[in-house]
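Read from first to last, the chains carry the letters A, B, C and D; within each, the first residue is number 1.
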Amino acid sequence: MIEENLIPKIGVITDVRKDTPDVKTFRVVGTDGKKLFKHMPGQCAMVSVPGVGECMFSITSSPTNEEYMEFSIKKCGCVTEVIHSLEVGQQITVRGPYGKNFPVEEDFKGKDLLFIAGGIGLAPLRSVINYVRHYRSNYGKVVIVYGARSKDDLVDIEEIQNEWMNEPNTEVYLTIDRPQEGWDGHVGFVPAYVKELGLNPNMTAVLCGPPIMIKFTLAGLLEIGFDKSRVYTTLELRMKCGIGKCGRCNVGDKFVCKDGPVFRMTELDELPDEY
Amino acid sequence: MLKIAKERLNELYAKISESMGLFIPIKKGGEVNYHVWGEGKEVSLETLKTVKSPKNMFFPQTENMMKFKTEGKNIEILEAGIRKQGDELKPFVAFGVKACDYKAIEVLDKVFLAEPVDTFYQARRNATTIVTLACSKPEESCFCGVFGIDATNPQGDVSTWLDEKYLYWQANTEKGETLTSLASELFEKGGETEVEAQKTSTKAVLAQLPFANLDLSRFKPENLNELFDDTRWEEMSEACLGCGTCTFVCPTCQCFDIRDFKTNDGVIRYRCWDSCMYSDFTLMAHGNSRTTQMQRFRQRFMHKLVYYPSQNDGLYSCVGCGRCVNKCPQNLNIVKVIKTLGGKKND
Amino acid sequence: MQDVTTEKKEFTPNIVAFCCNWCSYAGADLAGSSRLSYPANVKIIRVPCSCRVNPTFVLKAFQQGADGVILCGCHPGDCHYVTGNYYTRRRMALLFNFLNYMGIEKERTRVEWVSAAEGQKFSAVMNDFVKTVTELGENKRLTDLRVKEGE
Amino acid sequence: MKDVELKMLERAKALLESGEVARVIGWKKGEFIYDPAPASFETVDELKDFVYNWFCGANLSKYLIQASKKEGKTAVFLKPCDTYSFNQLVKEHRVKRENIHVIAVECLGKFDVAKIKAQGVSSIVDVEVQNKEVKVKSFGGETVLNKPEILLTKCETCQKTHQVKDEEIILHDRPERDVNRFAEVEKLEAMTPDERFAFWREQLQKCIRCNACRNVCPACSCVKCVFDNPASGIAAKANDDKFEEQLFHIIRAFHVAGRCTDCGECSRVCPQNIPLHLLNRKFIKDIDGLYGEYQAGETDEGKTPLTSYTENDIEPTDAVNGEAK
């Protein structure tokens, strides 16, 4: 039988981790116990629960993980609500990978990298960060700025504290929106924090988070001398097919599922403001 | 060139139907659309514009993609894809396709056959032999000429021309020849003069159509943002009801939705036409990228006139069939958009 | 339409009965506890009041494979919510007439008033309705082919 | 018609110039005589494209839902049939009455261009109407057509008169006519169930689920339609199964029962020419027959037949069995 692009594969949930009150991370493998397919950092997959619906999620695990894939999913709609109720052993369907990845093998190589994430925006970045850690010598200094509403909303905090913070030549800055008992770290919004950190504007930056955070952080970065051509982000719009045919995820003449979701800020500047 | 007497067309249809499916404009419930031919059906080749375009032959309004059977925590995928259980699709003939609708298939091909290929569309497309039919009585809502389409000389596997007495028949491809050979005894030779005469007289009519000189010169990729930001979208779209009529009668609109339907013993995943005019088209759990009807209206026409050409070497995804001109409930249409935003000639 | 005759003998219809919580559901209960029988293929759906049933419920039941749909509520004047069943009466009169107008057999739909004390009536109504629908045969005019696939 | 158009234009100008209204909703010239589109005019200058002719069939009342929420008053031209929809919208608190200035305009029926084209006349340039005779001028010359044959279906049986109070009216009402708008419904009722089923099957199978009937319908004013609500369990866009179309049209007709003014827009806009008005008219006829004559939109207050009852209403079973007609 020939490969049918819109037909998914069956995946099995092998682990469910509750990261925050509304984010769970699901570990998925194929029915044969192996990884479903290869992907690159920043790419997405269509995950579905038959009878409920199909949604696009970024693959949060690194490609260098050859055993399984992970999806960090925030509960915010009908499909994600059902996904959150799923248990280990449950089968789901997965198809992908879709979209363009971060240029980890091209533009990122040899560069100092700045990752800025807000809330669930860490999900697509986690894949790149772990990829970069795996091939650590290919990249320069790594700075990670991650903010969330509260300390309980920081996704993957264990991995951040136990692994990323101990990585050589890597700085991790965490912040939460409002003061909270038991939090002695930084308090404040990401855009303001980014400006305070005295970052080197020659770094290549990757942004992901709520649109409003991206907007203000970008403005902040430009203010301290970053060049738009070295700032990347990843977009999210409603998607159905994942292969640039169903017609809904376009921004101007670009389809997010096919030409994105990773865009350079200079590319976005050329597109109409409709995302 | 071959010809077949009009009275004998039913014999031709019957002959073709013996071994292939035959989709042809048929009047049903008072309206002419493409349906499968059968004895006693009211074929209407004379109808200039079927209500729905022939696109649903390749891209049906609704089609099942797969079925799921769930048991406990397990899922099984059944009947996945168009070749259910490995069957090849039965070959079929699309008969009477007008030049504009034929061009529209080319437009759809560029979407569905681009990598990664849409296998559902591809299978149907490969199984089709297209018999086109030249127009002899274009009407005022037609503007295919603007997109470089010659309504008098359509392409396809077989090109045909119809007059009072005969259907003239010219096979262009191997598939076309094969089709001809199915019913060779029904054809006689000749018709070149009649066809040439018809072409000349139709061309004279085409040149005089009110929309024959629409100016598209401003619809270029480099004007994308300028056109997008034009303030006139607001007034152009204010009467838009947000229905899907224009998109569903359009031969090139290709947006679809994928949905699940629960049956008594499983789930059917199907896809169906969707419309960028609908308010839920881009709705996500956390927001909507196009919240106003103006944005949705703009999306449709920008896609046809700017976004699509930008991705496909300047090919517009409008073929000037004029269906939206005739069918929009509130008389909005692409011509009004082209005239408002297009080049100088429109003033 | 009547092409189901050959299978008539084996045909047991699916019947959906929407019963109001206060009268008819209690009536069904009484029928049960009084050992009055009614066919097992009657699937009861309890609703707070017969007027909770909107036309979509009725159609959805047919879509999912019902061959007959019956609504049972308190007798007019006895509604727990005072006036609910008066509205039901108008709505269903119009809906049933309309379905009939569309060529859907009028015998497939019915409204009956059954009080909590009328176990006997409940059983009689259900037996009669099942009999009527059985004679009518399978619902083919208002059903979703996709639902029945694979049966 | 020209003189009516002129008077309307004068009023529109005066209202905009005096600042009494912020906008006027009317019709705007199209590419041909027969494709005017509803439009809102905010300046006198924009009125250069204003038009009112034999092809202004669209009902403008639904646009008032949005317009009445805007800053400033909106003037609107309403034909007799449109005034019923308007009243109904006011009654249902969809339109803020105080923000609307209604100008009721004369209508002697509107034309269906498809019906003219079906008679072999194309490239229509102008029409001239004298009683039942319509001179259609086209590139091909002049053709005389019979007016009743080219009217929009909704105009064929229209007996409506203006129903707005205390507002201005341009020219006289149309003369009363004696037509039975239920004739077609009765014809269907007289058929056998099998014939009726076959009729509706053939008609509804044409449906392409474009939602034009719903979106144009002044009675379909829900903020979120049940068919757009994924939680309703019936939101679907599938088209190939006969049930989906039946479900959509039955539910839609039921949802507007008792509120449908019989404006006929549903049939006018249907790209497949499904006689959708015959669905709504069945409800109207039944309501008249079972619960007493009722015309939705005659006033902008009071209860509708489905939000009221009497203790002696007919039983559904009796109604279906034709105990009362």
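We take it that a contact is a pair of C-beta atoms (placed from the backbone, for glycine too) under 8 Å apart; a residue touches a chain by one contact, two chains touch by 3 or more.
Since this is a predicted model, take the numbers as computed values, not measurements.
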Identity of the most central chain, Cα criterion:
B
Across the interfaces C-D and B-C, which one involves more C-beta pairs in contact?
C-D
Geometric centre distance via CA averages, subunit D-subunit A, whole Å:
51
Per the C-alpha centroid definition, the whole-Å distance linking subunit C and subunit D comes out as 36
Which whole number of Å gives the spacing of the CA centres of subunit B and subunit C?
45
Among the residues of subunit B, which are close enough to touch at least two other chains?
257, 259, 261, 266, 274
Residues of subunit A that contact two or more other chains, please.
78
At least two other chains touched by the same residue of subunit C: list those residues.
146
Subunit D partner contacts - residues on subunit C that touch it in the complex:
1, 55-56, 59-60, 63, 76-77, 83, 86-87, 89-106, 109-111, 141-146
Contact residues on subunit B for subunit D in the complex?
28-31, 33, 51-52, 60-63, 139-140, 210-211, 235, 238-239, 241-245, 247-249, 257, 259, 261, 270, 272-275, 278-280, 325-327, 329-333, 335-336, 339
Contacting residues of subunit A [partner subunit B, same complex]
1-8, 10, 50-54, 76-80, 87, 89-93, 236-238, 240-241, 243-253, 270-272, 274-275
Which subunit B residues qualify as touching subunit A in the complex?
65-66, 68, 70, 73-77, 80-83, 86, 111-112, 114, 116-120, 221, 224-225, 228-229, 254-260, 262, 266-267, 269, 271, 274, 276, 281-286, 288-290, 295, 299, 302-303, 306-308, 310-311
Residues of subunit B touching subunit C in the complex
261, 263-266, 268
